[in-house]
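Listed after this line are the structures, all set down as structure tokens.
One chain, chain A, links the two complexes that follow: it is found with chain B in the first and with chain C in the second.
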Partner chain A sequence: MQGTMEKIDDDTYELFFGPAHPGSGNFSVKLKVDGERIVSARADPGYLHRGFEKLMEYRLPLQNAVLSDRICVLESLAWNLVHAEAVDELMGVEVPERAKYIRVIMAELSRIQSHLIWYGIISIGTGFDTGFKLAFGYRDFILDLFELITGGRVYPAGYICPGGVRRDLPESAEEKILNVLDKIGKMIDFERAENPANLARLKDVGILNLKDAIRLGATGPVLRASGLKTDVRKEEPYEVYDRFDFEIPVRKEGDAYARFQIGLEEMEQSVGIIKQALKDLPDGDFIAKEFSKPKLNMKIPEGEAYIRNEIGRGEAGVYMVSDGGIKPYRVKIRGPSFLHIIPVLEFLLRDAQIADVPAIYWSLNGCPADIDR
Partner chain B sequence: MVESVREKEIIENITKNFKVDVGIQRERRIWVKSPSEDLIDLCMFVKNKLGFKHLSALSVTDWPKKGEYELTYHIWSYDDKILITIKTMVDRENPEIETVSKIWGESSQIHEREMHELFGVKFKGNPDLSPLFLEDWDGPAPFRKDFDWREYVRNEYYSKDNDRESAYFGRD
Partner chain C sequence: MKMKVVPKILKNMVSKPITTRFPHESNPIPDGYRGEHSYDVDKCISCNLCAKICPNKAIDMVEAPEKYKEKYPKKYPRVDIGKCCFCALCEDICPTGAIKLTKNFFLSTFNSSDVIKDPIPAKEVEDRG
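And then the complex of A and B:
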């Protein structure tokens, strides 16, 4: 925990967590502390603000697909998908079956690698260095897959684009994905082993009950760890999620350990979804005709669409309005971390101990980039 | 389909109590256009009577030709699995509206704070509308359609006298 310390009065101090902290991301929290106890916390985003919503008004949908990678660095393919779906709905594009399956496979691979980062960062934050190294090592296998399929390891450069996906899966992809999934299975077994370090640091820390969770706008794993069984993939099936058999992990405790466990169980479910999708993967086109050779002056019909997706961190949304021009008129991006690491974090840090800050912060799996999009 | 029955029920329920425009956009998507005076009553009704508990997003669309801002509240119901979009218009030059932070709590408070910074909408009764992203910004609300950031950057950070930078002037 680094930063500047400023003495306010005899009893309380102000302490910065971030923005140059190796784990906090480009984001800081100002803590007012009394001894070891935190009196109040105030999130301070803006370190990474790029104004994507405004930038998208000046660009064509295919350019925006590339821009959408950068909304959240750690989950670029998932954000690609939300953006592409919004354009698809506005333009009334019929996405080919094969593309839908490839989209699901990529989104789930992206969820697994994002949860591996989550596991790694929560491990190093709570003093379990081995977990961090293992998780990032295993994540690399998935990045190799991304490189093979999309051409980019972290940024796929708009691989999931309006109309489908930019390239078909290479011939060797199926076998390689299955290979990597086996390896990920080993990592999940490792994570499953009860670890005294995680138990001691995470159990009964940062408890969020269901009523507060809904009021504070929590979604995804954070909300499920507080006891509400909800998942956009089940409630509002997009792409072909309604054809797959998977469970929604739920816990009642609402503490950091429960959130951590949810992440683990979700990885297992994602592995199952990918295996089912690979088995049923149909032949055919991978991109709709309008977009296989896109014209520069393609008009987006007048209208609006609000798309919700379940990404690794929670509910992602894109609200797109078109006035009939070739560029979107207004794009609103709703990131899950906007609520998780501003209101939820401020709420959970109140009256917590300084030593618990990393455990609470990383159990929420925030991504500062999607607040500061 | 079962869902569309519930959507019609919700729409009937709303039109019984309020004089508003409603419609079904597609499956699981309802929109309501409400005058800004009725917004708070409508929101209370939608949350407490119809169970829309999760304010998913709050957005503003700028329509300079009409001289209006369009505020859109996207609210999800965990019970019915339906998203309702409440739309209301406010004057663009003096955008003021009652806050919904008493209804949806902190989640709506933070959404309003963001929209206040980016569009300059004043949410009356919101306890905290301090800047979120932009430090030391005292220019116009940056997401307004008539704020041209390219023009702004050219004027603030580039010089016409500089050989390389002058190329940026007169270009779009």
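And then the complex of A and C:
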């Protein structure tokens, strides 16, 4: 822990966690500490503001699809999907079946790699370096798949675009995806082993009960770890999620270890979904006819749409308004990390120990890029 | 339980490392990779679409150098790789396939003028002239 210290009286100090702390990632928390105990915490976002909502008002939907990669670097394909669905709904596009399956496969691969980062970063935050290296090593296999399918390792450049997907799956992709899923299975086995280091650092740390979780607006894995069985993929199935058989992992404890376990179980479910999707993958077009060649003068019909999706971090939403022009009139992006990292984190850090800050911070799986947008 | 570790260590000692010794060797790059642009001035019809679709405005339409004005009288795209986000929208929209993204990702340079790719490269102008 480093940072500047402001002495308030003999026992109370102000301590900065981030933005230069290796574990915080372009985000900082101002902690008021009394000895080892945290009296109060104040989240300090804004280091990564890029103004996507305004930028999107000046660009065509196709260009916005490229821009939507950057909303959250760690989950670019999931954000591609939310944006593309909003445009699809406004334009009333009939997305081909094959495109829907490819979208699901890519979104789930993106979820697995995001959860691997989550596992890796919790591990390094709590001093378990082996877990970090293994998780990032296995994530690289998924990045290789992204490179093969989308043409870029981290940024797919709007691979999931309005109307479908920009390219078809290459011939060798199916076999390679199954091959990578086997490897991910090995990683899940490794994570499943109850590691004393993880247990000691995460068990009974940062307990968030269900009432507070709902009051503070938690969604996704954080809410499920507190005991509410909820998942947008089941409640309001988008794309073809209603055709797959998968479970929603839920935990009652609400501590950092429960959140960490939820991530692990979701990875297993995602592997199952991808295998089912690959089995039923239909033939046909991968993009709707009107979008098969980029056009500059495509009008978005007047109206508004709100799309919510379940991404790795929670519930992501895009609200789009069009006044009938070629560019959207207003785009509002609802990122899941905002509520997790500002109200929930401030609440959990109160009365916690300084040594538990990284464990609590990373168990919430926040992405500073999607808080600031 | 503990004895399981020993065969694993022995196996790791003889197995190939997971990493490759970049830049001496590199993992194979798949065909659809989005890297440096390749541009064929003879196929280009100067339709201006690539400059219009570019989300980062990395493509400018410029005139050919004096010596080539007769052969290439129109305006042609000049790509600023420093601004480019490698989204390949220019490749998708190009009606003749004049602009394409290649597999080359070795783009770092010490010379800032290297990042600007003229439609008819300056080197070619010197060689012919």
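Everything below uses one rule, namely that the second predicted complex is superposed on the first by the 373 of 373 C-alpha atoms of A that agree within 3 Å, B and C clash if a C-alpha of one lies under 4 Å from a C-alpha of the other, contacts with A are read in each partner's own complex, and residues count from 1 in each chain.
Rule of thumb we're sticking to: a residue touches a chain if its C-beta (ideal position, glycine included) is under 8 Å from a C-beta of that chain, and two chains touch if they have at least 3 such contacts.
Please read these numbers as outputs of a predicted model, since none were measured by experiment.
Once chain A of one complex is fitted onto chain A of the other, the partner contacts of A:L67 are limited to chain C, with no touch recorded for chain B.
Once the two complexes are laid over each other on the shared chain, residue contacts for A:K293 go to chain C alone; chain B is not touched. The larger set of touched chain A residues comes from B, when the choice is between chain B and chain C.
Counting contacts by the rule stated earlier, no residue of chain A appears in both its interface with chain B and its interface with chain C. Contact residues on chain A toward chain B in their complex (touch as defined above): 45-46, 49, 51, 53-54, 214-217, 219, 228, 230, 235-236, 306, 308, 315, 317, 319, 321, 329-330, 332, 334, 338-339, 342-343, 347, 372. Within the complex formed with chain A, the chain C residues making contact are 18, 27, 29-34, 49, 52-53, 55, 85-89, 92-93, 101. On the side of chain A, the complex with chain C involves touching residues 59-60, 62-63, 66-67, 137, 144, 147-152, 155, 157-158, 166-167, 170, 293-294, 296. Listing the residues of chain B that touch chain A in their complex gives 28-29, 53-57, 59, 61-62, 72, 74, 76, 78, 81, 83, 85, 104-110, 114, 118, 131-135, 142-143, 149.
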